[in-house]
Amino acid sequence: MATESVELTGHIVDSLLLAKVLDAIVDAGLEYDLEEVEIGRTNTDPSRARITLQGEQAELDQLIDDLQVHGVNRVGVGETRLVAADRDGVLPAGFYSTTNLATDVLVDGTWEPVENPEMDCAIVVGDGSVRTVPMHRLREGDRVVVGSGGVRVHAPAKQRGGSVFEFMSSEVSSEKPKALIIAELAGRIRAAHDAGEKVLAVCGPAVVHTGGAPDVARLVEAGWIDVLFAGNGFATHDIESNVLGTSLGISVAEGTSVEGGHSNHLRVINEVRRHGSIAAAVEAGYVVGGAMAACVRRSVPFVLGGSIRDDGPLPDVITDTAAAADAMREHIPGVSVALMLASTLHAIAVGNCLPAGVETFCVDINQAVVTKLADRGSHQAHGIVTDVGPFVHQLADTLCGAG
Amino acid sequence: MATESVELTGHIVDSLLLAKVLDAIVDAGLEYDLEEVEIGRTNTDPSRARITLQGEQAELDQLIDDLQVHGVNRVGVGETRLVAADRDGVLPAGFYSTTNLATDVLVDGTWEPVENPEMDCAIVVGDGSVRTVPMHRLREGDRVVVGSGGVRVHAPAKQRGGSVFEFMSSEVSSEKPKALIIAELAGRIRAAHDAGEKVLAVCGPAVVHTGGAPDVARLVEAGWIDVLFAGNGFATHDIESNVLGTSLGISVAEGTSVEGGHSNHLRVINEVRRHGSIAAAVEAGYVVGGAMAACVRRSVPFVLGGSIRDDGPLPDVITDTAAAADAMREHIPGVSVALMLASTLHAIAVGNCLPAGVETFCVDINQAVVTKLADRGSHQAHGIVTDVGPFVHQLADTLCGAG
Amino acid sequence: MATESVELTGHIVDSLLLAKVLDAIVDAGLEYDLEEVEIGRTNTDPSRARITLQGEQAELDQLIDDLQVHGVNRVGVGETRLVAADRDGVLPAGFYSTTNLATDVLVDGTWEPVENPEMDCAIVVGDGSVRTVPMHRLREGDRVVVGSGGVRVHAPAKQRGGSVFEFMSSEVSSEKPKALIIAELAGRIRAAHDAGEKVLAVCGPAVVHTGGAPDVARLVEAGWIDVLFAGNGFATHDIESNVLGTSLGISVAEGTSVEGGHSNHLRVINEVRRHGSIAAAVEAGYVVGGAMAACVRRSVPFVLGGSIRDDGPLPDVITDTAAAADAMREHIPGVSVALMLASTLHAIAVGNCLPAGVETFCVDINQAVVTKLADRGSHQAHGIVTDVGPFVHQLADTLCGAG
Amino acid sequence: MATESVELTGHIVDSLLLAKVLDAIVDAGLEYDLEEVEIGRTNTDPSRARITLQGEQAELDQLIDDLQVHGVNRVGVGETRLVAADRDGVLPAGFYSTTNLATDVLVDGTWEPVENPEMDCAIVVGDGSVRTVPMHRLREGDRVVVGSGGVRVHAPAKQRGGSVFEFMSSEVSSEKPKALIIAELAGRIRAAHDAGEKVLAVCGPAVVHTGGAPDVARLVEAGWIDVLFAGNGFATHDIESNVLGTSLGISVAEGTSVEGGHSNHLRVINEVRRHGSIAAAVEAGYVVGGAMAACVRRSVPFVLGGSIRDDGPLPDVITDTAAAADAMREHIPGVSVALMLASTLHAIAVGNCLPAGVETFCVDINQAVVTKLADRGSHQAHGIVTDVGPFVHQLADTLCGAG
């Protein structure tokens, strides 16, 4: 086990640098000891933190390398090591890879500023200059900084005060491996159940259109969903796809529009109205499969909230919106995990009612929708930008066994 | 087998009505005979078409029902049938479901216009009025039109001439079952190979970030991809994820950022540059798995086109863009299916070079990207709005057997 | 005035070619005479159309050039004209610009197929070959086809029958000059009023957040909006921004979040509830400006439909969704133009109730939302992908004079 | 001037709470003094901060109210004040508006937990219970907490450690008033010039398609843009729209497609190639207006980087991508403000080369593009989700006077 100390100076609290650095340390699985934190008393005072890290030397080296992006330097930066390139366009192994921060290199005992900071370059020292060089411009003989010894970076300043601009954030990305996300989500659901807590699913109609309704049914049948909130659209298309094999007039089995399609949902709603309720229609054998039938059979409570665009609606839909929200509130105590599946309207409605501690996962193919949910102030909302059908299919496979 | 005749009047060519009607007939799997087509000679003359349909009576009834949305009427509309509702809020079985077109009902031998056209309603006749009624407002005793007898609709007019507005089109939708799309795409790929034609894959870096690179490798290994076009990003992250287990510093196995991540891709590029080419790096054992290694091993030709944002780049990247496009052109003859996988830049570049007959499938999670590709004038481009990682995984399972 | 005849062969109805061609002719402002239309009687029979065009020769040449993209040829294709390039990389003036369709060139009395169809290239004839050449690869002396004489194209085939794939369509684009769209929309609104018809505005909360509520107020004050539909969000934030100068706790004047912001909307709703109605709050002087106050003062009727996500709500909100839709239906007769401004939920709800003849304009920054509205089957819906605040500002300037 | 002390306990550094609180204070224009900060030495130790605020009492009250959302409490929480509702559904003025955090109320000297935390509600104390009540469920006589005295909240916990999930962030929103953003951006540009620094514009082709090219020209003519980077598309369409009045075959003046449109850009590129350079074409009078001509006349340097999708290209385009990036690097020293206008490819390329200190503003209608730019690690990138044409028009009006 080795020990290293790093330090960070500047507006490290209000520019979030300290938080990001601690995050990176924890993500790397290492222990830290925050020594000598001086927080500026006012807006203009800089702050300073010194952190001691413990771990394998190789891990420490990697981590410290990575922390430089945030403006962190090793305490005692060591010696600059220069290695000459042995051919054009290829860097020496272990080359120092630049950040875009203002950077100094220790040359003959003096800190020389890098002339043209640019990220993802090498640093070449020579002819009285210290400059970044992109890989393809390197020439044989150029003396390249290797390792992070003798290099220090300056933390970025943060411009403060009443900005109308938004700092861009990349925290909701569609470019993540989904298999890992599903595995971890399944773990959270299992943990909630192990702790005797409830899992809530909020479903939009796109769950049915993308073929995910049978998977929601599997999750309900297997006991993984304890309460379900939706609107007239989800319930209607779920029932329609089971009674008639279509969803909005699109054949779920063949993906093509079918004859008579445009009024299918109306006929299904009308028949369920004739039965008086979804439960009655299930008991009478009119509805056999699908997510709503699974809820009826498993006695999983559901609330269908009305919306002004509804056709029909189904007899279970609570058309008074204040009453519908109140009905949802009855089921929230005990919920610790909420899945918002391709639902904008109901997801926002439910998000407004949840206590801060409920972990919320918003799944939608449209990044703008995922971001919008966050605008409503939920504290623990995770965004997953993906196609909901395959997602819920894989989630059901993970929790229920491949179907 | 029964026979029915329908007719359609108005601007049926320039408002695309005739084409949509023929589409609906073919989609329903029925035969048609286009009799008595009169096309207006000038812009202001109306046109008229009479179509004879053959099929099972039930199918014909369904289809004719559906065709009414486009303004089609049965020749000889038959008798109006009215059934009184037996309870509030529930329609008689077989109720006529309205379109939003101007509509007339034959009442006592006279065509009476429906007062308030609205779609997805019933038509109630009584008290000297004919009006649409939404399901929930129906009262016991209301006389409701059942079946389509005695009902005719008027085709929508099209406003013509130099409009700056765009008619909305819903043809690129994320709300379709993906399993069907994949099955059909796999069929096209098999058909191309059976016909001795080539399949081209154009891959963007998000294929790697979403975990799809191993699936592209499976498709290459199994011989389903005959030529691959990409840029520095796809190739670099594919190699990085195999050499170091990361992609852009994100652990592909764990989905978390790893130490030293931000410079991983540079180090990988640098080493491949040292080897001189991707093929040399594969032969030397530096790169073992992934899509690029599969191409090298299976002798599947690839072209890597440079872009101004490239780091490095890899030695195989053709940095001159005119030369890169020319290199791609060499491989296009014989291609009949092109898969554009989460690639904007290269997809547009390749789309510009393809003859009209090549079937092109554009897969991207961002609908705007999919639409943009169509702006470039490709004739046979199909849009699939989905998450590319799970999509290519399922495609590889379908073509290569579950992996 | 000159006359030219063109012809088009293939699946010209069901692949929409004929409709597109007639569109292009009308857009060019020319007259046409559709002679000799033969429509295939069944799905597999090809069709043929011959069209006579009249206009200035220059216009005709331009149009015919453009129609070739759709597979149209001049009747009597004329002579091939070849001009040698006088330098590398520069084409002779008037060069024939290729489509990506299969193409033939008349060489010495024989139709020779172009070897490698690719769009936006020139055609070079020589050495026994006819091939497309991109501009940069042209060499001095290459013989290039100039003009469209001696060139014919083959209309693209359409693959028919129950496809799960969607043809991509670029009809909803954000890349159009907005000034023109606004001018034309203003014209439609003026024309509706001149004809004694009503203009309906459906407003979402983003109208307020992007600064457009004062412009909606101007349009109401000046009599351009005859009826307004919205939800609790739009009305609340419109009133909040007038009473407190904030919208969702963001200062509308300064764009920064203000203290006490998160509960502002609740306090405003509570005060309006105390007054009993928006009209009472306006009359009492609690609400002075904004769109809702303008409606009250100008006696423009409004309907506020409840939704399950509502806080409060305002006393005018109809919380029963079926009742709210019914209230909207009362105001629809007489409407001929509907503006859907950044509203998803209410736009879909209203779209479902409108007759086909109402021209509907959907304005939203999110293309997916605009497309989604089309999925609901409205016939005359135009999509405008733009930022609603500046859009409604410019619209108000155009109709009311710069404010 | 009044003084108040507040405190915050928990994982206040790594859950970013402290940074958000300091942000809110500075945004409110108040001074703070950070006393008694104790930062936990390790990952599991909680931290604590006590902050003294100075300002007008009303401002302080507002701010402290708002800070509660982040878990901040007044030191010395004061007395609980209860006021009975005087009618159903209307709260007493000054009611305490809840957060969704775990909350306690001081009742008869004891801290009682609120049973059902939910945001945007009131707190009702009575019958031995303390609970949140949504406004519409309040009944006359209910005793409601007024003011924040006697109320304390608990800071949200942060779940730490290697999560694959992303916390949602709403920092790139399209729902902001654009007039304010433009005013502030104009201020930054003026400030850069006052300081002798350079302003860089990176332009994509959508700038031309949305009608913004003349505004870029105005900004160049008036000296506000010091260097311009773009690709073949922007320069071609800018020149095309000036020479022929079209852009991609769309009439910029009328918004309709024009005859001969599809090859316009090729003919324009060809003529500029004949002249040898854009500058030569401007000097020869072939190109008179537009952004590129303005650059030539004002001697504003530009770099056009090639891309694989280019037609032609224009003679000034650097087709070697490594050389193009190097050419851009030459112009970066001295730049302090960078505007990325509807450009994905070049914006990423340029962002990779900029030092951290350069303020970067990314304007695009597509939120995914704006977010993607952030994925590349630029430190000071601000996202503005809007329609680029109207945006640049308003920016030019602000800086150059209404045109």
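The first chain written gets the first letter, and so on, giving A, B, C and D; residue counts start at 1 in each chain.
Note that a residue touches a chain if its C-beta (ideal position, glycine included) is under 8 Å from a C-beta of that chain, and two chains touch if they have at least 3 such contacts.
Since the model is a prediction, treat every value here as computed from it, not as a measurement.
Most remote from chain C, judged by the distance between CA-atom centroids, is A. Looking across B-D, A-C or C-D, the interface that copies A-B in more than half of its residue contact pairs is found at C-D. One rotation lays the C-alpha atoms of chain C on chain D, and its angle is 180 degrees to the nearest 5. Averaged C-alpha coordinates give centres for chain C and chain D that are 28 Å from one another.
With centres set at the average Cα position, the gap from chain A to chain C is 34 Å. Mean C-alpha positions place chain A and chain D at a centre distance of 20 Å. In chain D, the residues touching two or more other chains are 27, 69, 99, 120, 134, 136, 162-164, 174-176, 180-181, 184, 254-256, 262, 311, 313, 322, 325, 352, 366, 368, 375, 377.
Of all residues in chain D, only 162-164, 254-256, 262, 305-311, 313, 319-325, 328, 344-346, 348-349, 352, 366, 368, 375, 377 touch chain B in the complex they form.
Within the complex formed with chain D, the chain A residues making contact are 13-16, 18-19, 22-23, 26-27, 29, 31-35, 37, 39-43, 49, 69, 99-102, 116-120, 134, 136-137, 156-157, 159-176, 180-181, 184-185, 322, 325-326, 329, 332-333, 352-357, 359, 361-362, 367-368, 370-375, 377-384. Against chain A, in their complex, chain B makes its touches with residues 24, 27-28, 59, 61-63, 65-66, 69, 89-91, 93, 95, 97, 99, 120, 134-136, 174-181, 184, 205-206, 209-211, 250, 252-263, 266-267, 269-270, 273-274, 311-313, 365-367, 385-387, 389-391, 394.
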